[in-house]
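Several structures are given next for inspection.
Each of the next two complexes has chain A plus one other chain: chain B in the first, chain C in the second.
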Partner chain A sequence: MKKIITSTIALVAILASFTSCNNSSKSSNSGALSSNNAEKVYIAPGEHDSHYAFISGGYSGNLTVYGLPSGRMFKEIPVFSQFPTNGYGYSEETKPMLETSFGPIPWDDSHHPDISQTNGELDGRWIFINGNNTPRIARVGLRSFETEEIIEIPNSAGNHSSSFITENTEYVVAGTRFSVPVPQRDMPIKDYKGNFKGALTFISVDPEHGHMDIKFQILMPGFNYDLSHPGRGKSHGWFFFTTYNTEEASTLLEVNASQNDKDFIAAINWKKIEEYVNNGGGKMMPANYAHNLMDESTHTATTTMKKEVRVVNPIDVPGAVYFLPTPKSPHGCDVDPSGEYIVGNGKLSANLTVHSFTKMLDAIEKEKFAGEAYGIPILNFEDVLAGSVEQPGLGPLHTEFDGQGNAYTTFFISSEVVKWKLGTWEVIDRKPTYYSVGHLTIPGGNSAKPFGKYMFAMNKITKDRYLPVGPEMEHSAQLYDISGEKMELLLDFPTHGEPHYAAAIPAEIIKENSLKFYKLANNKHPYKATNDEETRVERDGKNVHVYMTMIRSHFSPDNIEGVKVGDKVFFHITNLEQDFDVPHGFAVIGANNAELLIAPGQTRTLTWEPKQVGVWPFYCTDFCSALHQEMQGYIRVSAENSDTPLKWSMGEDIE
Partner chain B sequence: MKTTLKLMTVLFITLIVSCGGKEEKKKESFSYKKKETTEQTTTKKEAKVKPSEKIDLSNKGVGPIKSVELAAVIDQEMVTLGADVFKKMCTACHRTDKKFIGPAPAGILKRRSPEWIMNMILAPEKMVKEDPLAKELLMEFNGSPMANQNLSEKDARAVLEYFRTLE
Partner chain C sequence: MKKAGIIMIVGSLLLLGLFKFPLWNIMLGAPQYPDPLGMNIHITGIQGVQEFDLQNIDGLNHYIGMKTIPKAEEMWEFSVFPKVILAMSLLGVLIGVLGFVGKVSYKYFLGWFVLMSVLGILGMYDFNNWLIDYGSNLDPNAIIKVTNPDGTPMSYKPPLIGYQKLLNFDVDSWPHIGGYLMFLGMTLTLVAFWLGRKTSLKQ
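And now, the complex of A and B:
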C-alpha cells in the first residue's frame, strides 16, 4: 500500500514536471521564432513533403527535384548533360537525346523550368526547360521524371527568354538573348546594327503526347530578348518579352547597352500570328536542327534532323507586335495571375515598372504611338503605365505572385525580397537574403492560380552560410513562409549547379501519377531479351551483340566467350524485375563511357571495346538484394586472330 | 636498399605469422560446425527434410488469395496462358524440373495448397516475412528473394493451372 502511494506521488511529481516543462517551452516558443520555424520545415521520417520544387541546374545542364518545406533533394534529372550516374547520354538509347546540328553536345546551361498548364492552372503533366548555350528546349515527363524530348532552336543563340508556356500549353516559347545574322553567314561584327535578328520561337505542344514542333519564328530587330512570360486570363493570346541592348551594341555591352533611358517590353499577339500562319503566312526558310524523341515503348531515343522552319517578319502582320517602353534594361518580365499587370524589372532602374494590359489595348486602339522601331509601333510609356513601385530596393530582377494580390520581387544588389501590393504599389515587407538573390519561386507563382504558402529565393552567393568546402561551392536557396502579412525565413538549403528559375507544385497534383516501373509486356526494344530463351550472343562482323537479362541477383548470360580484341561489344540488358524500386546497374572493367542504371522493365545498351586479352568481370552497381555481391559475370577476351568460338551460359560451366 | 629489404622480410614474416593465426581460428570454427552436424544426426530425419520437399497442403499462406477451386479437369486455355506467363516472368529464376535460383514447380501441387502457391506469386514479400514455410525456403535458397513480378490475379491463376500439368 505504502509502495503504491509513494509511486503515485512520484508519478504526479513527474507529470507536474512535464507540464511545467511544456509551459516553459511554450512561452519560449513565442519568444524564439527559430524553434517554431524548425517545426514548420520538419518532415517526420517516412512522411512526404507537401510540394515538389523543380529547380534548374544552371551550368549543370540538369533539373533537380526537391521537397518543400524540407528542402531535401530527391533526384537529379539529367536533361542536357551526360550523366554517368545512370548512363544518360552514354547508353546507345539515350545518346540521340544530346544530338544537335553541331553534333552531340554533352552539356548545356539550363535555366527556366515551367510546368504545363490547363486553363492557366498547373496540370503537372510535363515540365519544360531551356538549354541556353546551344539553343534547345526539353520536355521532361512528370510521370517518368525523365527527359522525353529535346528540340533544337535554329536562328537562335543564348536561348534565354525561354521556356515559358501559354495558359493551355498551346506553345512553349523560346526567345533568343543574343541576336545573330539570320541566316547565319560570314559578315563583319561591326555591321551588327540593323542586320542581326532576334528570333522568338513558338513551339507547339501536342496536347496528348506533349510532342514539340516549331510552329513559327518571329524575326525581331536585333535586340537582346532577356525574359518572357505569357499573358493569361484577359491577356491570354499575348506574350511579353523584355529587351535590353536596344542600342544594338556588339562590344562592351556593360557600357554600350546601358545608354538608352528605356528599353522595351515586346508585346506579341501570338494568336494573331498563329492565324496568319494558319492561313499560309510567313515563309519556310532552310534550316538544320535536331528533334530528339524518347520512345517509351522501345526505350530508345531517335534524332530527326529538320531542314526548314517557318519564319514571320513582324511588320507583315499589322497589329501583332508592339513595344512598351520600360526603364533601364529590364530583366524579368512577369505577368500577374489576372493577366492585367506586366511587371518589368528594370535592373538598372530605381523603380519597378508595371504596365497595364487594359491601357495597352486602349493605346493600341487609339493608335497613340510614340514612334516605331524597324516598323514596329512604340507605345507611350505614360499611356501603358499602370504604376510603379517607388524605390523598393536596388537591382530588381524577378517577380512572383501569391494569388492574394501581392507581388514579391527579388533585388540582387540590395540582397532582399520585397513584398508589395498590386494596384496600390505600396511596399508591405522586405526580408534580406543571404546573399544576392536571383530568381524566386512561389508554387504556381507563374500561373493564374498560385499556391501562396511558400516562397523560396535562389541566391547567387553562398559564402559563409555553410561549412566551407574550398573556393568552389553550391549555391543556397532560402525558404520563406508567406502565409502571413510578413515574410518569415524558415530554412536555408543548398542547391545544385546554379539554379536560375524553379517551378513548384503541390505534391498531390503529380505524386499519384509517378511511374513505378516499366511494363515488360510493353517493351518493344529491338534488342530486348524478356525471358531466358531470348538471351544470346550474336556476332555481326566486329560487332558482338549480347542479349542479356538481369534480375535479383544474376545476369543471363553471365559467362561469355569468343569476344576478341578489336570487337565492339554491345551489352543490351533488360531488367526483368516488375516491381517498384528494383533497378540494377551494369559496369564492365575498362568501359570508356559510363555505367548503366536500368529501371525495371527497361532495356539499355552499353558499348564496350575490349582492348586487352583476358577474362574480365562485369557486375551490378546498384545494391539489389542480399546476394547483390554475387551479381557478377565474366567475359573472356581473346586475341584478335584467335578462333575462340562464341559461347555463352548461365548456371552451368561454359563448355 | 638493404634496410628496406630487411624491413620487408620482417613485415613478410609478421604477415605469415598473423596469417597462421587466422588459419588456426578457421580450424576452430570447422570443428565447431562438425560438432553441430553430429548433433543433428541424433535428431535425424526430421531436420533433413528440406523446406522445398516438405509437404503441407493445409497451409494457405498469407496474401490476397483465401480460397481457390480447382476443377477436376484441367483448363487447357488457362494452361496455355500460364505457360506463356511463366516463360516471360519466371524463367529467369525457375526451371520447371530442377532447382535453379528458386525451387522447381514440378509436382508443386503435391506439396503445397493452391492458395499458398498463388500467394507466393502475388505477395512474396509478405509471405517471406509472415509465412513460416516461405521463411524457411528463403534460407534454403541462400536468401535469394522471390521477386514480385506484379502478375495480375488472372495470370497467377493461369500459372497455377500450368503447374498442375507439371508432374
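And now, the complex of A and C:
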C-alpha cells in the first residue's frame, strides 16, 4: 500500500512537471503573440477608435455604444427601459416614450440594431432596434444618440425577426416570433393550428425625418418567424424570413417543433405587396397601438394611439410570397452583399444551407412547386439550393460577410466562428469562441458594402473569462482581426446586458455629426425659463409649477416657500449652458422617481410629491464646476392647511 | 508715378478688408477646452469665434470677477474706428488718384503712411488700456481671488500680442486677416512712396 502511494506521488510529480513545462512554453508563445495583438487594440489616451459598435443590450432593453478596436464602452442609450441615471422614462418629457397599448412599460428585451442605409450602404443617420417582449421598434438618432421614436407593433408577439431595414431605408421590418390569434380573442390554445397568424410588419420610414408609420402587415400562417434580412442589389425588393415550428405546435416546442426535416425561409416580394397596397389592396383592421415621438424643439415626447392597421392576406397577392424549404429549424437568415445568396442557418442541421436568388426566380418562373402551405407555393429544395457548407460545425446561428467573397458563421454548440468561401462552400478557417457564440458583427456586414477588417462575436456564456463576480455576470464579446486569410483573436471585452446583434460602422461616417448641445434659442418647451426674468413659481390647485434655470453654479430660484404637503410639485428645469459637456443634474430628497440629467439647452421636468413638513434641499448631481458643491437650494414644505404664501428667490433672503 | 499711384490706391483699399475680417484674435485654450474659446476683434465689435464663445468666456470670467465682454454699443471705439478707417481709405485713394494724374507729389504717400501709423499706434494704445481694465478691474466680491506672490491681485489682462499663460488658460493674441490686410496695405503705401521717389529722382 505504501509503495503504491509513493509511486503515485512520483507519477503525479512527473505529470506536474510535464504540465508546468507545457504551460511555460505555451505562455511564452502567447506572450509574444499577445504583445503584437495588444498593439492592434491599443488606442492611445486621447485618440479615437476607428469604428463605432452599437451593441444591443438584450434584457437591459437598451443599446450600448462601444469603440473598436479598443472595446471601450462610451454610452448606454436608454431605449425601452427606464433609466434613472438620466431620468429617461421618469421625467414628464420622456414618460410618453414608454407608453403602449398595455399602459406604460418600464422594460423590454432589445435585440437587433440596424443602421439606416442609402443605396445599400450604411449612411449613419439612424439606428433602429426592436423590443421583443412588448413588440415595438425604436429609432435612435445618430446626431443626438438619443431614442427619438418608438412605434408599437399590433398583431405581433415576440418581435424577434426585426428590426432590419431595406437598402434605401424604405422600410424597417418587424416579424413576429410567436404566432397569435389575429385579432386577439379568447380561444382554446389547442386550436392553434390553422387559426393563429404570424404578422410580418413593414414600417415605412420618412426619408427626411425618419418618422415611422406602419404601411402594411402580411398575415402569414401560424409559424414562428425567427429572423430576417432584406434582399439587396439584384434581390432588392424582396425580404427573407426564417421560420421554425412549421409543425404549428403550441406546447413542448423543443420536441414538437423539431419534427419536420425542413422548415421554410419565407421569401416576400414586398415591392409587389407595396404596389398592391398603393392600389388600395388589403384591408384596414381595427387595432390599438402607440406611436411615441420625441420632439427635439420642445424636448418632449408625445404618444398617439393609432386605431387601425392595414393587413394583407398573402394569397390575395399572387406571386408575392414563396416558401424555400430549409433544413432543421433555421435561425439566422443572412443575405450576402451581392444579394444572390440567402444563408439559412439551420440550427439543428449538420450542414449550412445556402439558397440562390437567381435559381429561386427561375423556379418561380417555371412554376416548379413542391406543394403549398395555406395557399403559399413551396419551391423544391434542390431547385433553389446554391450549395451547402458540409459539416462546418454544430449549431449554426448567424452569418456575416466581409465583402471579399467570404462568409463567417457562428456555431453555438461547437462554440466557434467558421470562415468559408461563397460559391465554393469550402471552409477556410475556424476559431474558437469563449463560449457559445450567438450573433457576430462585421462593420457594414449587413449591407452591400461591408468594411471588413474587424469581426466580433457575442457570446452567451462568459464563465471564467473575467474575474468572478458571483453567479450573475455580464456577457462578453470577442474581437477578431479578419484582414488576413486566418482570423486572429485580438480582445475580450464585457458587454452590458445580453448582446444579441450589433451594428458597427466606421467612425468618420457619424462622428462629425454628433451634437454637442441643444441650442437654447431653439428650445420651444412650454415650461422653459431661458433667463432669470422667466423664473417663477405658479400654483394651479394642488399642482405647483416651478420654472427653474440652472447654470454654473446655481439654480434660480434656489429658495422656494409656500409648497404644502399633498401638493404635486413640477420642477421644470432649463439648463442655460451653451457649451459642450456641461450637463447639470437635479435631485430632491424623497423623490419617488429618479434624478434628472439635463443637457445644455434642454428642459426636463421632475415631479415631486412632498409628504413631510420641513425644509428640504435639492442639489446638482453632476460635478459641473469648481463650485458644484455650492449648487443647491431649499424648498419649504408647510402643512396642508397652512397659509404660507408662495414665494421664490435667488441671491437674496426670501422675504 | 502712375504705377506708384496705383499701388497707393490698392494699398489704401486694402484697409476696407477690416469691414469684413477681424483686426485681431484672442484664443483661450485649457485642458478642459481642447477646442479653444476665442474672440475676434472687428473694428465694429467683438464676436465669438464659435457661436457661444463669448457667453462661455463670460461664464468662466465671472468666477474671477471680470466684467462681461463689452457689446459694440458699450464702447465708443466701435463706432469711431469704422469711420476713421473708411476716411483713411478714401483719403489714401484720393491721394493715389491725384498722384496718378500728377497733381500731388509722392511725399503725400509718406504723409498718409505717417498719419495712419500715428492713428494705428493710438488705436493700439487705446486697445491695450481696455485690456488692462478688462483684466484687472475686478469685482471685489469675486468667487475666486488669486494674488501675485507679493500679495497684489493677479491681473488677467490678455497679452496685446503674443502668448501668455493665465491660470489654467493658454492665451494667444495675434492679428487676424483684417489686421494683416491693413499691414499689407500700409506697406504698399510705403512701396508707392519709394517708387514715386525713385521715378521723380530719375526725372
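Quick note on the criterion: the second predicted complex is superposed on the first by the 624 of 655 C-alpha atoms of A that agree within 3 Å, B and C clash if a C-alpha of one lies under 4 Å from a C-alpha of the other, contacts with A are read in each partner's own complex, and residues count from 1 in each chain.
Just so it is clear, a residue touches a chain if its C-beta (ideal position, glycine included) is under 8 Å from a C-beta of that chain, and two chains touch if they have at least 3 such contacts.
As the structure is a computational prediction, the values presented were derived from the model and not from experiment.
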Let's test your reading of the overlay: on chain A, do chain B and chain C clash or fit side by side? clash
Could you say whether A:627 touches chain B, chain C, both of them, or neither, answering first, second, both or neither? both
Give one of first, second, both or neither to describe whether A:447 is in contact with chain B, with chain C, with both, or with none. neither
Answer with first, second, both or neither: which of chain B and chain C does A:530 touch in the superposed model? first
Using the touch definition from the top, say if A:552 reaches chain B (first), chain C (second), both or neither. both
Once the structures are superposed on A, label A:292 by its partner contacts, choosing first (chain B), second (chain C), both or neither. neither
Name the contact category of A:579: first (chain B only), second (chain C only), both, or neither. both
Partner chain(s) touched by A:217 [first = chain B, second = chain C, both, neither]: neither
Of the stretches 25-33, 97-105, 115-123 or 187-195 belonging to chain C, the one that collides with chain B: 25-33
Need the overlap of the two footprints on chain A, from chain B and from chain C, as residue ranges. 551-552, 577-579, 625-627
Sort out for me which residues of chain B touch chain A in the complex. 87-89, 91-93, 100-101, 142-145, 147-151
Listed in rising order, chain A residues that touch chain B in their complex are 517, 520-521, 530-533, 549, 551-554, 556, 576-579, 582, 625-627, 651
Where on chain A is chain C touching in the complex? 551-552, 577-580, 625-627
If you look only at chain C, which of its residues touch chain A in the complex? 35, 51-52, 55-56, 59, 63, 143-144
